Every structure is written in C-alpha cells, then in structure tokens.
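Next come two complexes, and both contain subunit A; in the first it sits with subunit B, in the second with subunit C.
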Partner chain A sequence: MNIKHFTFLSSLVLYFITAILWILFDPYQVTFQFLFSVHILEWSFDFGIDGISLVFLFLTTFFMPFCFLFSWNTKSININMYYIAMLAMELLLICIFITLDLVIFYIFFEAILIPIFIMIGLQGLRARRIHAAYLLFFYTLVGSMFMLVAIISIYLHTGSTSIQVLWFSEFSTIRSNLLWLAFFFAFATKVPIYPFHIWLPEAHVEAPTEGSVILAGILLKLGTYGFLRILLPSFIESTIYFIPLVYLLASIAVIYTSLTTLRQIDIKRVIAYSSVSHMNLCILGLFSMNLLGVTGSILVMLGHGIVSAGLFFLIGMLYNRYKTKIIFYYSGIVQLMPLYSTALFLLTLGNISMPLTVNFTSEFLILCGLLEHSIYLLVFASIGIFLGTAYSMWLYNRLVFGTLKTTYIKYYKDMNRIETYLIIPFIIAMLLFGIYPKFLMDMFIPGVLNIII
Partner chain B sequence: MYILTLILPLLSCVLPLILGRFIGRFYVGCSTTICILCTNILSYFIFYEVCLMHCPTFIDSIYWIDLLGFEVRYSFLYDSLCSVMLIVITTISLAAHLYSIEYMNSDPHQVRFMSYLSLFTFFMIILVSSNNLLQLFIGWEGVGICSYLLINFWYTRIQANQAAIKAMLVNKVSDLGLMIGFAIIVLIIGSLDFDILKTTIYSYNTIYSTETTIIAALLLLGAVGKSAQIGLHTWLPDAMEGPTPVSSLIHAATMVTAGVFLLVRCSFIFEYVPNVLLVTFLIGSLTSFFAASTGLFQNDLKKVIAYSTCSQLGYMFVGCSVSGYQIAMFHLSNHAFFKALLFLTAGYIIHACSSEQDMRKLGGLFKILPFAYTMIAIASISLIGIPFMSGFYSKDVILEYVYLYVNNNSSTSISYILLGLYWSALLSLIGTTLYSIKLIALTFLNQFNGYKHYITNLHYPSIIMVLPLFILSIYSIFIGYISKDMMIGIGTDFWGDSIFVLFNNTNIYSEFLPTYIKLTPFFYSMYFILLSTIIMHTSIGNKLIFNAKINTKNLYMFFNQKWYFDKLINEYIALPVFKFGYNITYKLLDKGIIETFGPYGIAKQLTKNAMFLNKFQSGLLYHYAGLVLIFVIIFITLLLLLK
Partner chain C sequence: MINFILTLPEIYLILLICILFFYNIIYASSKKYKFPLLNENTINLILLAFLYLIYISYNQPIFDAAILNSLFYKNTFSITLEYFLFIIGFIFFILTKKYTVEHFNSYEILLILVISFLGMVGMITSNHMFSMYLSLELQSICFYILVATRSKNLQAIEASLKYFILGSFSSAILLFGISYIYGYTGLVYFEDLAKFLMTYTHIEYISAFTLGLLLLFIGLLFKIYAAPFHFWISDIYQGASYNITMFFAIIPFISFFSVLVKLVYLVFYDYIFFIKDILLIVSIFSMLCGSIGALYQLQFKRLMAYSSIAHIGYFLTSLVTLDIQVLLYAVNYIFLYIITITIIFGIIINIESKKFNTYKYMNNLSDFYLFARYNKTLAFIFALSLFSLIGVPPLPGFLAKLFLLTALLNETAYILIFVVIVASLISAYYLLKIIKYMYFGIYNYNLYFFKFIQPIPYINVISIVYITMLTLLCILYPDFLIDIASLMTISLFI
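Then we have the complex of A and B:
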C-alpha cells in the first residue's frame, strides 16, 4: 500500500467519522454537542459542534476523497508535498469548524493560507501565479490583522476568548461597532465582498484543480462561517446598524460580477466570478436576520460548494487533456464526449438554480427572507439570478454545442471510470438535497434560531 | 392511478437514456409511445372520475421545505382544470411521439429525442397537477429547460443554439417575476398552497388592494413570458429551429399554454384586481393583432404557424381578462388540437419535400400530397372559425364576451380604449383568415415553384405518420361541439371549485346579444376569404394589385422583421450590457481602480517611498553630517520655542 492509497483511505475514514457524527447528532438540542476541552498550561480551549458546523464538516470531508481520486493517475515529482498540503488543509479546516475559541479560530484561519500558498505558488505553471498567491496572502493578512486587534481587545475586556462567553458579553456601542468592523474586514475578504474580491479570480485561475475545488468549496465558506459563528450572534445591535452597508456592497457585487463574467475568456475565471456572485447572494440572505433568509444562505453555501466543486472538477478534466482553459479552443464537445456533456449540463442546471436542485430551494428562501427589508433587494437579487442563467447557459453552449474545432484539438476522449465515478456523487448530492432538504434543515435550524433570536 | 401519470413519462424518459444503446431505436420508439399511450388512457380515466363523477382528488406527500411556519409539501391536486389539461397534454404528446418515430427515422439521435419529449411531458404534468405554487414552478422551469434541450436538438447548427439561449433567457425574465411574486405571497400569507391561498386572499384584501395588485401583476409577468405575449414574445418564432414534433408539442399545445393555465389556476387572485385584468386585456389583444400582422408577411411555413399560435394565445389572454376563464380553457383545448394538426401536417409536407420549409419554394402540392391538403384544410377552417368546426365554438364566444365587457364599461373614461382593443381582436381575426389562406394558397393551390428533385425524391410517409394526423383531425372537427356545453354552457358545474369568478363578472348575458354581433366574426372571415380568392385567382384581382403604386418595401420589412423588436432588444439593451460588462466593470473597475487602490497601487507606492528613503543612505560622510546638522538646528529651535 503506497501513499496514494493511504491518503485516500484516511480521507474516507474522516468522511465516515463525519457520517457517524451526523447520525449521533441530536437535532433537538440547542446547545453545542460533543464538547471537549484541550488544556495547554493554564489555558483551556473548547471544541464542540453545532448543526451549522456539521454542514460545513460534511462539506469538508465530502470533497477531500474526490480531490485525492482526481489525481490518482498523474505522475508528478511533488506529489508527496501535494498530499501533505491537502491533508494539512483538511486538518486545519476541521479544527476551524469545531473550535469554540477565538484564538484557535484565528490561528487556524491564518494557518490555512500556508497550504493554499504552497498549492498555488508551487504547483502552478505560469508566471502569473506569483501575483495570484501574493494577492491571496495580502488580502487575507490585512483583514486578519484587524481581527487580531479585535481579539486582543475582547480578551482585555471580557477576560476570556471563548466564543460562548463572547455571545453573552456586552460592549458599549462604539466599541461594539469598531469590533464589528474589524471582524467584518477579516471575513469580508474571504467571502469575498465587493471591493475585496479581486484575489478570487486570480487565485482560481492559477490554482490546480484540487486547489480550486477546496478554495471554492470550503475556503470561501470560512468567511460566512465566521459571520455565522462570531459576528452575528455577538454584536447584534452593530449588525443591525451596519446592515445597509453590507447590503449595498453585496447587491453591487451580485450584479457587477455577473456582468463581468459575460466577457471572460478563461473558463475558470467564469466559474470564479460566478462563485463571487453566489457567495454575495448568500451574504444578502445571511444579513436578513430572519429564519428563511439565514436557512437559505446556509443552503446556498452547501449548494454552491457542491456545484462549483463539481464544475471545477469537470474543467480540470478538460485541462488535463488539452492544457488550455480558454473557451475559444473548445466547441462541439458533445459530439465526442457525451458523458461529460451530460455531467456538465446537470451541474450547470445547478448553477442556474433550476428547481429540484438545492440551489433553487436556497435562493428562493433567500428571496423570501429579503423581502422583509426592502423590495429593491429582491430586484437586485433577481437580476443577479437572471445574469447567472445568462453566463451559465452561454458558457455551456459555447463549450459543448456547435461544431468541432479540429484545427485546435484533434483527439477527444470521454470521461474515464475514475472521473465518472467522481462526478456522480456531486450530481446525486445536488439533486438529493434539492428534492428533500429536510435532512439538513432539521440539523441546523436550532443553530440558526440561536443566532437570530 | 394518479401518480402513475407522473411516473410513466419519467420512466419513458430515463429508459432510453440508460438502455437506449442496447435496445435500439425501434424498441425505444415503441416503448416510449406505449408509456405515453398508457398515460393518455389514464388521463381519460382521471377525466371520467374527476370531472364526470365530480370527485376531485388531493394527494399529500413528503415535505419539501419545513421551516417553523413556512411549509411546502409535495402535493398533487386533480380537479377539472387539471384533468382537461392532462387530456390535452397527453393526447398531443402521444401524437408527437408516434409521429416522430417516423419523422426522425433518419436522425442518429432519435433515441435522445424520444426521451426529451417524454421528459417534457413529465414536467408539464407536474405543472398542471401541483397543489402549490412552488411545485408548479418546478414544472415551469422544467419545461423551460426541456424546450432548451429540444430547440437545441440539432446542436451543431448555430441558429438553433442562438434560439435556444434566447428562449431560456426570455423565459427566465418571466420566471423572475414569478419568483418575486411567490416571495411576496410568502411574506403576506405565509404559505404557497392553493387551499390556503384560496381562502385567505379573499379575506385579506378587498378589491383594488395594493399587495394583491402587485402579486397579480408579477404572476401576469410570468404568464406573459411563458405564453410569448408582446414584450417577451421574441423567443417563439425563433424556437421553430427545433424539429417539427417539438414545435407541435411545445410551442402549440402545451408549454405556451402554461401561462394561460397559471392565469386560470390563480383566478381567485385575478378576480379581485380588475386593474391587472385590464392590463391583461391590453396585452392579449395587442399580441393577437401584432402576431397576426407579422405572420401575414412571413415566408417560412413553420413561422406562420408560430405567429398563429402567438395570436391565439393573445385570444386566450383576452378571454381570461373578461373573467371568461372557462372560455379561455375551452379555446386552449380546441386550439391545441388544431394547432398540433397544423404543425404536424407542416412536418409531413417538409418531410415529403426534402426538408423544404420556405412556402415560396413549394406549391402545387394539391394534387401531389392530397392527404396533407385535407389535413391543412381541416385545421385551417377550424382555426379561422368557420361555423360548426371546433374553432367556431370558442373564438366567436371570446369576441362575444369582449363585446359584453366593452358594453358594460362604455360609460367609463377608458371606453374608447376598450373599443379599440375589441377592434384589434377583430383585426387579428382578419389576419388569421388571411395568413391561413396564404399558407394554403402558396403551398397547395399555386403553381409548383420548387426544384425538380423535390418531385423525384418525393417520399410519402407511412401509416405511422398518418395516424396521429388523422386522430387530431377528428378531434379538431368534433371536440368543439362535444365539449362546448360541458365547458361554457349556462349553468354548467363542470369546473367545480377550480375556477373562481366574482358574481358580478359573469358572462352569461352573451347568449342574448343580438345576432348580428354574434355573427360579426363569421361575416368578416367570409368576406376576406372571398376577397383574397378574387385577388389571387382572378385576372381582375391580379391586375388591381399589380398596378397599385405603393412602395411596399418599408411596410414589408416592418412586419417581416417582427416590428423591429429583435433589433431593438439586441442593439439597445443587450449590446450596451456587454460593453458595460467588459469596459467598465472589468477594465475600469476590477483591473483599474480597485487594483490601483489595492495591491498594485500600494506596492508601487511603497517601492517609490522606499527608493526615496534609500537616497538618504548614500554612504557619503558629509551627507550624514549634513543631516545631523539639520536635525540639531530643528531640535534647538523647538526647545527654544517650547520654553
């Protein structure tokens, strides 16, 4: 048994553990479950999961086996470093999602950058990757700087860095607003909210496929997880004070990034901008502070994770074969790669948010939640969804239909067994959670009620 | 039995996709047709049980969304409205399946085609049998996706791709209106079930209330997009890029009637908002006039029939707007049959004449394809509304209802506008007559204008293509008379609870209008048939038109280019959006301003500042001495000042 089998098996074991956690989870309990503490010297750090954490844990451990499966047959010199980076990332992500302590959260929030930097900076092949890695680092670090100051201020004020204590402590209005802004900058660069979004297309284009999958699937959700866990429950009055700011930035982003998508030439950039658009729609729902909106936004996170990860895998398959990601060279793929076209179609339907996929259920719930605040938000969100259909259909049509461009690509090969078996769970998950989302909603609704009440 | 109508089409969709390679095209064709045949028979049983025995059925199933207070279940409702639609959908789907076994015989992708047709039937059945609005929306978007797949069936053709994307996007605009309407309903009432909505909208609002008006207007927007009314109609003529069975199933009989179905299903909302009904009247009559006038100047066989569909859908909207939901449904079912017959016969002609679709290159087929001539003649005279065919019973009654509505509102300030809209509906009737005559004349009665190989390669289709046409022709002759009294007779209780009409909006007085009003359409159509025959077939008429000195080029181009709607949307809406998306959001903002104030700008500024500070470290002693001297002077000055 070599390292390939070992890493794949270990990621499967982790997924199995998450499944067991799901079964043993008690949806009727409102507090954190499976609590345990780690004592280092005189400090103790709490860990525990909630319904919301469970959804993100599921996402994390769901994607990892597929990442290892995708690179099963590639031979590269740095493969060991790549495995170490992926497994380290999985460890750090799991720790972030189960921690209930601000300091641990901050440490791992920063530490995630190291594996991603390794993957983008060393695995990629173009000179532009340095610029992309630099952008990624710059934005996250500057944001986290504010968060460090905020955490120190909270420790000095309350005497503890536990999240559960933070939820119930009181701050004066000005201090609360400043702390809110500090945390907001940290998470806003991760989400990404409007002015801080330019690292995302660069990072996605330069990253290898698995890096993009993890980036789009989970790392973007770190920002919204931070909102859910730290920002919204702790500083409720400040949140309500700053809601217009967030709505402004998110509404601009939803339409703006969808418009930019229509004119891109690189497939990954299209999906990256589409990720920005979906995550900003999620932010719109998150800050609506009612049950429908927040539930919808958590489901968007799940749905967007599944669909974007699947799409990045499919694009990675094309890249593995032809080493180009520019749309111009691809046309008429359906004639010689029908399985691939079917898979791409089903995942594109998810991007469009057709009913029976989880994306539709979630976006509809967000629309219902937004209405409480203003009807103009609904119009902006709807225009964003419309443009989403436009660029998804345009991309799909351009890649898959039409006549073959045999002057550029001469040999076509359909999906092999590994790739087919890799994509099928994504499609099944998207449809399953769309048709019967009650599996998930029963789990995290008590957690959501914690936040908004 | 009720859920089987859902499962059978789904099965017949999935089976060819999975096993098609192993079974082969003949057995795939047989199995899908047999599944749809079973669904058709089941729909007749459902009709018997639900409508004739007055026993509507509700089926409640698992939860879809279960939040605290907002619940959506998968539930089905089979009442008279649903069962009429089921009969229409399944009959025409059966005809299209049977027909395409032979029509698509030479196409290597026939298996995929049959499966997509069944998928479409499945989604349409979900649409009509749902008991809440969100499930209706599943069917709504599903048929949109299926129409994308089917218009795009010959996917190597650029025009087909463009038409499919156009259909998706225009439908999406209407879907957004619908979703916003649903969100408002959830906010106000808290549920999307029809049972709850029927009771609470009445008690929540009086007439002319704001929220109900907004909800109804958004639902109307949804219906306008799906039924290709004016403003969102641009996708329907281009959707003729798909194969002919697709046109007959989707764009004649089922998908475009989904908008009308939504209006009738939500009649309990629309009855309380006469403003929105007035807008419906406006849209419907303008559409019917617009489509009839454009169809008159088209040259493609299928496009004429497409505009005819658009025009008749306008009629159905007009019928709904005068609170005649029953007549709209009646016209829907009649129209479905003779329109499907028109499309399928057009396919018959196209298939026989080596895929020639341009009417100007056909002609003289009267003696060569007599069966096609018979079918087109039956369908056309039904469409025009010649007495005692199907179309007569529904079209003329719509005009009677409209006359009644205009008469009742003749003392209001908008009475002249209403009268104008009545005349626009009459003008569209004239247009219908004229383009039907034009179609028959150019294709059959003219001299032969085609190429020699059309005649030498003439291919008579077999019984498989003839049988659906024959069945549809029987329907289009007799269904009007058979179901007229059941659907729109005075005092009928056929519709039960499914259609709600306010007591003062009833239309029964149309029976007692003077006879000359009721015969107006008949006189108009007869007159114009006579006029067009004289002009086309007599030397006096020919000389009259030939010698008339009218510059027809601009007029012709205006109507042929669909009143320049396409050009308007392309040049003034779509192109600026694209330019904005690249020049402003990408170049100016993303790569320009944000990068300048972000990483690029900061990096450059830091480098500049670092280089500036670098100059102080020059390594020359007297520079350092000079700096020390300057700072000592400043320090001493500050000390003296502070003292």
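Then we have the complex of A and C:
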C-alpha cells in the first residue's frame, strides 16, 4: 500500500464517518450536537456540529475521494507530496467546520494556505503559477491579519474565544462596527466579493484540476461559512448598519463578473468568474437576513460547489487530453465525444439554474428573500442570473457545436470508465437535491433559525 | 564563598580560555605533529567545556545576589539568559565545526569566539555602568577581529573597517551618555540610580540628564542596529565568513537584549518617558526599514540582516509600551526567533558545493533553485522555519506573534499593532520568495550549485532535526517557554 492508496482510503473513511454522523444527527435539536472539548493545559477548545456545518462536512468529504481518483493514473515527481497536501487540506477543512472556537478557526483558516500554496506551486505547468500562488497567499494573509486582531480584541473584551460566548456578548457601537469590518474584510477576500476578487481567476487558471475543484468547491465556502457562523449572529446591529454596503458590492460583482466572463478566452477563467458571480448571489441571500434568503444561500453554496466542481473536472479531462484550455481550439466535439458532451450539458444546465437542479431551488429562494427588501435588488440579481445563462450557453455552444477544427486537434477520445464514474455522482447529487431538497433543508433550518433570530 | 559559587561559570570560562591558549600554543608549534594550526580537537574541547558550562549554569543556586563588590548582579533573569546563551553557543559550535575546520587555519578565531562569550556573560550580569561598558567593549573588540578573519577578501576588509569605525564611534557616544548621567546624579551603580530616580522627582525635561539618557540609548541602539542606525549591518553580514555571520545573527542579540531591558525596566523606568517618543519612532522605523529593505536583496546574508532589523523592531515594542506583559511575550518572541534563526543558518552553513577546492554556499537567491530536490529533509525544515518566521499558524512563530499582538492590544498601542501587521505582511513576501525558489524553481535552470554538493555530517543533520522537533513541541506545550519568560521578567522587579 503506497501513499496513493492510503490517502484515497482515508478520504473514503472520512466520507463514511460523515454519513454516519448524518444518520445520528438529530435535526430537531436547535443546539450544537456531538459536543466534545480538547484540553491543552489550561485552555479548552470546544468542537461540535449543527446542521449548517454538517452540510459543509458533507460537501468536503464528498469531493475529496474524487480528487484522489482523478489523478489516479498521472505520474509526476512530486505526486506523493501532492497527495499528502490534499489529505492535509481535507483534515484542516474538517477541523474548520467542526470548531466552535475563534482561535482554532483562525489557525486552520490560515494553515490551509500552506497546502494550497504547495499544490498550485508544485503541480501547475506554466511559470505564471507562482504569481497565482502568491496572489492567493497574500490576499488571504492580509485579510486574515485583520481577523486576528479582531479575535484578540474580542478575547480581551469577553475573556473567551468561544463562538457561543461571542453570540451573546455585547459591544459598543464603534467597537462592534470595527470588528464587523475586520471580519468582513477577511471573509470577503475569501468569498471573494467584488474589489478583492482578482486572485480567484488567476488561482483557478494556474491550479491543477484537483486544486481548482477544492478551491471552487470548498475553499470559497469558507468565507460564507464565516459570515454564517461569526458575522451574522454576533454583530446583528452592525450587520444591519452595513447592509447597504454589502448589497452594493455584491450586486456590482454579480453583474460585473457575469459580463467579464463573456470576454474570456480561457475555459477555466469563464467558470472562475461564474463562480464569483454565484458566490456573490449567495452573499445577497445571506444578507437578506430572512429564512428564505439564508436557506437559499446555503443551498447555493452546496449547489454551486457540486456544479462547479463537476465542471472543473470536465475541463480537466479536456486539458489532460489536449493540453490547452483556450476556447478557440475547440469546436464541434459533440460529434466525436457524445458522453462528454452530455455530461457537460447537464452540468451547464446546473450552472444556469435550470429547474430540477439544486441551483434553481436555491436561486429562487434567494430571489424570494430579496423581494422583502427591495425590488431593485431583485432586478440586479435577476440580471445576473440571466447573464449567467448567456455565458454558459455561449461557452457550451463554442465548445460542443459547430464544425470540427481538425487543424489543431487530430484525435478525439471520449471519457474513459474512471472519468464517467467520477462525473455521475455529481450529476446525481445535483438532480437529487434539486428535485427533493427538503430532506437537506430539514437538517439545517433549525440552525438557520438559530442564527436569524 | 558565595562569590565563588555564583561566579563559577565565569571562572570556568576564563580557565577555559587559558587552557585553550596554552594547548594551542604548545600543540600548534610542535614539530612532531607537523605544526597543526587548527584541528578538530580544539573545537571538541570547547564543546566539552560548553557542555560543562551548561551543567554548571543549570545547577546554579537561584537567588538574587550582588557579587564582586556589586559590579555584577545575579538573579533569575541573568542566570536564565546565561543558560540560554551557553546552549545556543553549544549548538553554534556543533553546527559550524566542519566549516571552521575547513576554512580557517588558525586557532585564534576560536579563542576570540570564547573570549567574546566572556564579554557577553559580563553584559548579562552587569550591575554597574562601567562593568557594562567594559564587557560591551570586550565583546565588541572581539567582533571587530572576527569580521576581519577573512583577510584576503576585499568585502571582509571593508566590513571590518566599517564595523570598527562605527562601533568605536557608538561606544564613544555611549560613554559620553554615561558620563553625563554620572555628572548629573553622581551615581554609576544600577541599583543606586534606580533608587535615586524613584525618589527624586525634580528632574526637568531639558537637562543634562535627558541628554545623557538620549546618548546612552543611541549608543546602544547603534550597537543593536535599530533602524536609523542600521545601514552598516548588511555589509557586515555580507563581508564576514559564514560562521561569523551565523554568530552575529544569533548570539549578540541575547546580551544586548539583557542590557536594554535592564536599563529600561530596572534603572531608568521612572524617567524613560523622556525618550519614549524616540524609542517609538526607532521601533516603527526598524520594522518598516527592515522589512522593506529586504525586498530588494538578492543575497541571502543581506536579506537575513534586514530581516533581523525588522525583528529588533518587534522586540523594541516591549521597551516602548513599558508593560511587563509585553516584555514577557517579547522574551518569548526572542527565544523562538533565535532558535529559528539558528536552524536556518545551521542549514545554510552545512550545505556546500565544492569544485576544484573552491567552496560555495547558498548565498545568491538563485542558489536555492530546487533545493528541495536535493535534500528533502533539510529543505522541509528550512521551509518550516521560514513559514514560522512569517508567522503562519500552527507553527511556533505564530504563537509568538499572537502573544505579542495580544499584549500590545491590551496596552491599546494601536499604531504599533498596525505597523507590526504591515511589517510582517511585507516580510512574508521575501521569505515566501525563498520557499518558492526551493520548491518550484525553474526547471531548465542550470543547476550548477547542486552538482558539486558535498555530503553533510550526520551529527549536524541529527542536531538540526532535534532542535526543530523541540521547537515544534512548543506548539503543544506553549506554557513551557512562557513560564520561563515570566519567571525571568518577575525576577527583574523584585
């Protein structure tokens, strides 16, 4: 048994544990469950999960085995280190999603930079990858430095770093606003919200396929998870005070990034910008501060995670065959790659939030939630969704239909068995949560109610 | 008798110097052994002596006592620092043994190194302006000679001359300040000065005393190359040979640190606010100059010089805020910083490539290309140490930074916090650059350096790995260092 088998098996075991947790989880209990605390000398750190963290745990452990499978047959010098970095990343993510302590949250939030830095730096092929890794590292480091100061300030104020204590502690208006801004800056670079989004397309383009999958699937959700866990429940007055700012930035981002996608030449860049757009829609839903909106945005996180991860896998398959991601070289691949085109079609439908997919449910809920606040906001969000349809169909049309460009690519090879079986679970999950999202919603709605009220 | 027991490490150090001197004179001029100028036995002897020194200073009775007519004073603070100094010295001699034997053909360098240790011990325990000044001079004169040991190198000659002129200049300023203070108060003992300043409250802001204080601190800040007085240090680092650079990077920090802390917290505590603004500016300047200056460096030694300037800025925050908690965490910070730098230089000094009798070490940043491929263990440790210097959790450097920020925030020193954050973010850039070269280097680069790489002694690798593991244990057991630091800081105020 070498490292490849070991890491793959351990990711499967983690998925199995998450499934058991889901079974044992009691959805009608409002508080945190499976509580345990770790004592290090005089400090004790609490861990526990509620419905929201269970969704993210499921998302994390769902992706990881596929990431290991995808690079099953690749041969590289640094492949062992690459596998270890991926497994480390999974463990760190799980730690983030189960912790109830600000310091532990910060430590793992930062520590995740080391494996993702190594992944992008080691496995990318162009020299530009180093620039991308730098951007990723620095944007997050700068943002989270402010979070560190905020956490220390909270500790000095309340005497505890527990998130549950933070929920029930009061701050003066100025201090609360400053803390809100510090946290917002840290999470907004991670989401990313409009002025801080430059690192994401770069990182996506240069990262290996698995890196992109993890980045789009889970790492972006760290920001929104932070909003849900820390920002919204703790600083309600400040949130209401700053809501216009957030709405402004997020609605600019939705439309701006959707329009930006239309002038990209790189397939991965298109998907990257589309994920910025989706995440900003999710932010709009989160800050609508009502049950419909927040539920919808949690579903967007799940749905966007599944769909964009599947799309990145599909692009990775193309890239592994022909070593290019430029749209110009591809055309008419439906004629020789029917399976691939079908899978891409289904996931593109997911990306444009067709009914029956999870994205439709979630975006519909977000629009309903926004209706309570402002009709203009609804218009902006709808324009964003409409533009999403436009660029997705444009991309699909360019890639799949048209005449074959045999001058550039001579041989076409459809998906092999490992790739087919890898993409099917994503399609199933997308449709399942789209057709019957209730069993998922039942799980996290008590947690959402806990946050809003 | 109590004098004898408490000064045992110093007496032992002096004895060691005499023995080394006679041993080398007799041995090096013996015809039978073909006039060996320097051999491993000398270093082995020093290592043995340092082990014994560690043993003695560990078993010293811990109580506060003035010794040798109150010229020196021993308490937990000084005893702990001595102990730490000997441990670091021991590690230093282990790691540089191979380098010293290969590159030096005279025993004097080892003697001078040991003599400078004597000066440092004197500085750590000093309780009198003159004992402090004389030990400082003993140390400094040794340093001037140490820089000049690579006498055929133009850069080394330039560096040593620069160091000598600027060092003696700053010593003169220091002495001038001491004389002003003596002229105003008539006191030279630390304790007397402290008691006098505590009770006498009529010192005006514009007076000879303030001038003396200012000159004294400028002299000391010159010696520890804090920012406006920092421009010479990068040349010194570059000019000196590698083991001397390592020595400068890790060891004088301890002695200067103890002197500054003693002067600020013990002696001039009640009147330090006269020059508090200047210390604040120096601290901010050091952090910014150090981190920004390092961005443009292409040589590792110069980069580390600027990095150490930035870290001196972090340490100086403890002198600005005048808070015991900040001091405690600054002590903790310095312990972790020195150990990390020891690991970094220990790796640098042990990786050498030899071609036709010319040795090369990793100095240009391009030499780091794909270091990770040639020695996975050491490259990993090197990367960990650099990440620790950046302050990425969960490494020990993060703990140090976290505690320091907590203490500063408790003091509501918002300007300092902002500068600390900005400086550490800038320093992340150049430290990451080295990691980038090590791991992701350009593949078709001509790997001239690693083609002729020499095998590394087993004991050096083992000791580096052990030190790293011990520092990593600090993550799980952070109270260990903090307990020591709190004992030290508390003993200052009793």
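Following the convention adopted for this analysis, the second predicted complex is superposed on the first by the 453 of 453 C-alpha atoms of A that agree within 3 Å, B and C clash if a C-alpha of one lies under 4 Å from a C-alpha of the other, contacts with A are read in each partner's own complex, and residues count from 1 in each chain.
Keep this in mind: contacts are C-beta pairs under 8 Å (C-beta built on N, C-alpha and C of every residue); 3 or more make two chains touch, one makes a residue touch a chain.
Please read these numbers as outputs of a predicted model, since none were measured by experiment.
Chemist: Will subunit C clash with subunit B on subunit A after the two structures are superposed, or do they fit?
Modeler: Pair status: fit.
Chemist: Should A:G402 be classified as contacting the first partner (subunit B), the second (subunit C), both, or neither?
Modeler: A:G402 sits against subunit B, while subunit C stays out of touch.
Chemist: Check the residue A:L122 against both partner chains and state whether it touches subunit B (first), subunit C (second), both, or neither.
Modeler: Once the two structures are laid over each other on A, A:L122 reaches subunit C alone.
Chemist: Touch check for A:I40: first (subunit B), second (subunit C), both, or neither?
Modeler: second
Chemist: Quick check for you: in the superposed arrangement, does A:L141 touch first (subunit B), second (subunit C), both or neither?
Modeler: second
Chemist: Name the chain, either subunit B or subunit C, that contacts more residues of subunit A.
Modeler: Of subunit B and subunit C, more residues of subunit A lie in contact with B.
Chemist: Could you tell me if A:L356 is touching subunit B, subunit C, both of them or neither one (first, second, both, neither)?
Modeler: first
Chemist: Name the contact category of A:I107: first (subunit B only), second (subunit C only), both, or neither.
Modeler: The answer is second: A:I107 touches subunit C but not subunit B.
Chemist: So if I take every C-alpha atom in subunit B and every one in subunit C after superposing, what is the smallest distance between them in Å?
Modeler: 5
Chemist: Where on subunit A do the contacts from subunit B and from subunit C line up?
Modeler: 134, 138
Chemist: Considering the complex alone, what residue numbers of subunit A touch subunit C?
Modeler: 40-42, 77, 106-108, 110-111, 113-114, 118, 121-122, 127, 129-130, 133-134, 137-138, 141-142, 145-146, 148-149, 152-153, 155-156
Chemist: Can you check the complex and tell me which residues of subunit B touch subunit A?
Modeler: Against subunit A, subunit B makes touches at 62-70, 134, 137-138, 141-142, 145, 148, 152, 155-156, 158, 161, 164-165, 168-169, 172-173, 176, 179-180, 182-184, 186-187, 577-578, 580-582, 585-586, 589-590, 594-595, 598-599.
Chemist: Could you pull out which subunit A residues touch subunit B in their complex?
Modeler: 134-135, 138-139, 195, 198, 256-257, 259-264, 291-292, 295, 332, 334-335, 349, 354-356, 360-361, 364-365, 367-368, 370-372, 375, 378-379, 382-383, 385-386, 389-390, 393-394, 397, 400-403, 435-438, 441-442, 445, 449
Chemist: Per the contact definition, I'd like the list of subunit C residues that touch subunit A in the complex.
Modeler: The touching residues are 373, 387, 392-394, 398, 402, 405-406, 409-410, 417, 421, 424-425, 428-429, 432, 436, 439-440, 442, 476-479.
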